[in-house]
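What follows is a set of structures to go through.
You will see two complexes here that share chain A, one where it goes with chain B and one where it goes with chain C.
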Partner chain A sequence: MTTHLPGQPANNGEAPLLAVRDLAIDIGDGPARASLVRGVSFEIGRGESLGLVGESGSGKSLTCLSLGGLLPHPVRVTGGSIQFGGMDLAAAPARQLRQVRGRRIGFVFQDPSGALDPLFPVGRQLAEVLRRHRPISRAQAYRQALDLMDELEIPRARDRFMAHPHELSGGMKQRICIAMALAGGPDLLVADEPTTALDVTTERAILTLLARLQADRGLALLLVTHSLPVAASVAGRLCVMYAGEVVELGDAVTCLDEPGHPYTEALAASARSLEAARPGYLTGIPGTVPSRIQDVTRCLFADRCPYATDECRRRHPPLAPSRGGVAACVHIDRTRRAVW
Partner chain B sequence: MTAPDQLGTGASGGRDPGWRRRLLPERLRHRAGLVALTSGGVLLVLVLVAVFAPVVAPHSPTGGELVDLLKPPAWMEGGSWRFPLGTDALGRDELSRLIYSARISLLVGFLAALIASAVGVPLGLVSGYLGGRVDSAIVGVVNIMMAFPFLLLALLVAAVTGPGLRNVLLILGLTGWPIYTRVIRSVVLELRERTFVTNARVLGLSHLRVMFRHVLPGVWPTFLVITSLQIGHMILAEAFLSFLGLGIQPPTPTWGGMLDDGRAHIYDQWWLTTFPGIAILITVLCVNLLSDSIRDLLAGSTRQVASTDEPDPATAPAAPATRQGDHPS
Partner chain C sequence: MLRFTLRSLVHLIVVLWGVVTITFLALRLSGNPLDALLSPEATEQQRAQLTEQLGLDQPIAMQYLLFLRQLGSGDLGRSIITGTRAGQLVGDQFAHSLLLTVLALAVSAVVGVGLGVLAATRRGGLIDRSVVALAALAQAAPLFWVGLILIIVFAVHLQVLPASGMGGASHLVLPVVALASGIMPYVLRLTRTTMLGVLDTEFIRFQQATGLGHRSIIYRHALKNCLPPVVTLLGLQAGPLLGGVVVIETVFGRSGVGSLLIDSIYSRDYPVVQAAVLVIVVAVVLANVLADLLVAVIDPRVRLGRTAS
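For the complex of A and B:
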């Protein structure tokens, strides 16, 4: 890559593991066509972790799904490229994508209860995935499945092996799901809100586990979440999305402390007010994400932004260098006011 | 089904009569379980009688003496216990013919349902799972098949292949599969959207593997219910075809054929039409009741699997109370 964007990982001259460039995702055709994701670019280096943050409808899950060619019809990639391991996943044929899914990129989803087949013991499901990816016997697959369950810190793995999903707690199920995602020995793990369905104690345990796995296995991690602090606690860098666009991309701690985009600032402020836990004093962001985007010649956050000026409504702000990396706001150098 | 507490939502464990608690496993103790046991038992007896027809039947179903023609049932004036249910216009024993007919009816019922499902289930699975153009094509054919008049198709097949057992199976298989395809497809459409199916794809499993290993098992309860209903329907349809002379040909006895034979004598020799009619009624009723109660029992078990809050089936009600009055008891 010759063009090194600010806010991307220091690549030491070696190509990043995953490079998303100008990704565009649309739904429908003709007059019913609408844009869901526009101009999304980010990179993940080998063994690096990136937190993808944004509220519902910001396009973060769609971005994830597009990495596996998993967009549900009639949603599809209409522009840009997804470079991974020497191929463009956005243009790869289904056969090639199948070789990538599970083997090179592992996926973990939000709802662990739904992600496991209710009719089979979890250990056998894990073994099934292992055998899909390696030429091993059933007995070997069972042994390796038990080893994986141990690695995922599942206590009494031997007893849990023959348990059906409904017999396990949400946290245990999510561990099994992560084990299944790791079964193919992927270089990149995509976790789409892996802790949203879990309670906070379990959430902490799963996040710690993910961080450990990432370090142990040299795994690259793309962690999608609603929560800025959660992303910052696990990921080294953050990518904040709003209404289908990247609004800020950069170092996690800096983004949290000195946000370059008002939206990041607002998310951080909401999280802080949640931490302060004074009932009735929760800070939110007024308004909602625009649902059908027609006019992209203006800042899409302008209507909810306290800094917004006429200039914001006249032109679409490009990504420009900020304290933590890059941010898409014309007021990056604004004097910080305690608005939120 | 006499005690008032059995007619309702299923008695609680404590109110079961002692013999039920001693003899039956938990899930068979309540209403759906009892209905399943009773109808299943009657069907089992019918199957046994059909299998051992040569041993059970007092006479040959095809040979008769003309001196014995049109004898009334044993308990009527002029009847004798040699022919418990009387004889037909050729002097053949009505009871023996009923017993031998059970062979054909049950065989056709099971085989035809098997053929129909062998075609219909894979098509429904593929149609629902793959969607798109494949789905449109299959659904189109299904709609045409379902709009095609049954009798016209029966006549057509009979005209081409000639009547007979093979013909009956062909007609019933041809007309039966669209039901399977439609219902299985709708179940698959729902299963396909479940996260574990997406997840299996995401983990790199092939379409075939996902379809047969993770989607097909979910279809099983629905399959059982349609099949049991279809068997009843097939038995009726076979009787109908034989009654019209398009089905199995004489001298092989079938319930439908017997109805046809008895039609000429319906005012004077009522037993010639009544007994085959009762045989059909009992068989189809039992099959339908069995199918109904199977559905209830399966609904109970999937509920328990789905909800981790109720691990103990003894505390859960046995049958949903939403369908009271379904049974003509």
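For the complex of A and C:
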């Protein structure tokens, strides 16, 4: 009776807010063509949060950008579907995508210092986005912008309204960016490493704020981060990406404590050793993420994997049920429970 | 902003002082100033009078102070030919040239920025390539040649505009277009390159992601971010532009400081040449100060002494 797949949100018979199926993103044409993202599938329910983790270059940002039709030329979606609000965003015309951006899906990016126009006061930039989405007067937009700045816990909003970006701290700028992303009242907020450019205290504050906004507004959240524990602290479920593929998808706490994929295990272990902060005990993952994949007849993590066998180098492992959800590894039984 | 303005004014005063001093020295170092300032037929009495007026029998420092005082009271000497005050002569003519220059500046700013934005937003397309080719052509063509072509086409063949002389607005069209053609290509190229850079920045991508419209992104945000370098360029082009005025006024038979300068050079009317050069230099320096102030109004970071990224 239930259509609930392992690793996907409990749906109570309702269609998910966002359903990404078999997403493929390529770059270039002809012989220069290469695959950047392959077979990525995940769902996000209304008001639910999903953490997207993975090393640099694993395709997290491209996956996010594809949701708004924001991929930079010559990168483009070449397969799969992105079901959202009855539309397939992977095939939607530009006009339709413009209606979705900001109004249905909000975006926040990594670098708040570069994300705002340096020549306009931040309050006016926020008001401009508000007026784009609602039929309101300039005065109303200014009032609503101030309200939104209050909601984003920006102290002395009135003073900061006319401040230019260079006069604000990174944390304040990121709050303005979040306010701009929420100005159109979206159902889904895509936050691509919103705290990477910030210091640790500010990072905490922003993450807490995101969690609060999510609860208050019934917002669904796709949170991209490098850090497994950060993702697990904010999101209910995790999607772990490696070299343009989903290698594990499932309940956040279980994935962190009982990883199904050796890559998740390694990410968790390196996070733990960072936390313990004992010199010499830092566990990096040896090797680098392969990019621009042209051959996928093997496990892409095999060269860096301690469990790798000949089988891993012959066959691309499919997603199989794991403790937290699903994982793309034939050695799921061998990955260890975390010892905290 | 106030501090920035004050700093610009101090800068302006220092440059003016430098120009004035060089003018003073040039006259003293090139032989007896009397030979330069008076016509060869001048009487002994005239020579004696000028010697006393300039303090040529006094030490050089004293002469310098006298010179400054004279300038301060607006006295730039008298024309050797007509005997009119050089300052007044130049002042009368400068208004004509200023009008021509300001109009040409405005035309090249509007057309250059407009075409630059058009080309940048259609990068690699037919419009982009035609606009860039047009800029290259205009950049390669000498001013006097452009002026002559305009005269041949619009005045001689089509007979829609007057070829030369002073008069109403119709007399201004061809000279302004010819003069603007000299700097418009630079404005166009700089706008295009700057715009391409701005369109590739993070904040443009973020604005697209917030759902902001294409028009307001390009014409409000991207365009404003293009302006600081373009305004600076326009200020820097004031010099070449006034040089161009000299050519254009001659080609179109217009009176102005340019034709006055040419005439005075031919007749070795040194006081008038000196006054004209001084006024032109002051105008160029003022144009640059104005451009700096305008950039500071556009970009608040400049007021802090930081440079725009």
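Couple of notes before you dig in:
In this text, the second predicted complex is superposed on the first by the 329 of 340 C-alpha atoms of A that agree within 3 Å, B and C clash if a C-alpha of one lies under 4 Å from a C-alpha of the other, contacts with A are read in each partner's own complex, and residues count from 1 in each chain.
Criterion: contacts are C-beta pairs under 8 Å (C-beta built on N, C-alpha and C of every residue); 3 or more make two chains touch, one makes a residue touch a chain.
As the structure is a prediction and not an experimental result, all values here were calculated from the model.
When both complexes are superposed on chain A, chain B and chain C occupy overlapping space and clash.
Contact with neither chain B nor chain C is seen for A:Gly39 once the two complexes are overlaid on the shared chain. By the touch criterion defined above, A:Asp117 lies against chain B and chain C together after alignment on the C-alpha atoms of chain A. In the superposition on chain A, A:Pro259 makes contact with neither chain B nor chain C. Of the two partner chains placed by superposition, A:Gly59 touches none, neither chain B nor chain C.
Of the two partner chains placed around the shared chain by superposition, chain B and chain C are both touched by A:Phe109. Stretch 7-15 is the one of chain C that runs into chain B, the other listed stretches 7-15, 25-33, 43-51 or 61-69 having no clashing C-alpha atoms. Common to the chain B-facing and chain C-facing surfaces of chain A are residues 68, 70, 98-99, 101-103, 106-107, 109, 111, 114-119, 128-129, 132-133, 164, 166, 177, 180-181, 183-184.
Within the complex, the chain C residues that touch chain A are 201-203, 205-213, 216, 221, 224-225, 298-301, 304, 306, 308-309. Those residues of chain B that touch chain A in the complex are listed here as 131-132, 194-196, 198-206, 209, 213-214, 217-218, 305-308.
Listing the residues of chain A that touch chain B in their complex gives 68, 70, 73, 98-99, 101-103, 106-107, 109, 111, 114-119, 128-129, 132-133, 164, 166-167, 177, 180-181, 183-184. By the touch criterion given at the top, residues 68, 70, 98-99, 101-103, 106-107, 109, 111, 114-120, 128-129, 132-133, 164, 166, 177, 180-181, 183-184 of chain A touch chain C in their complex.
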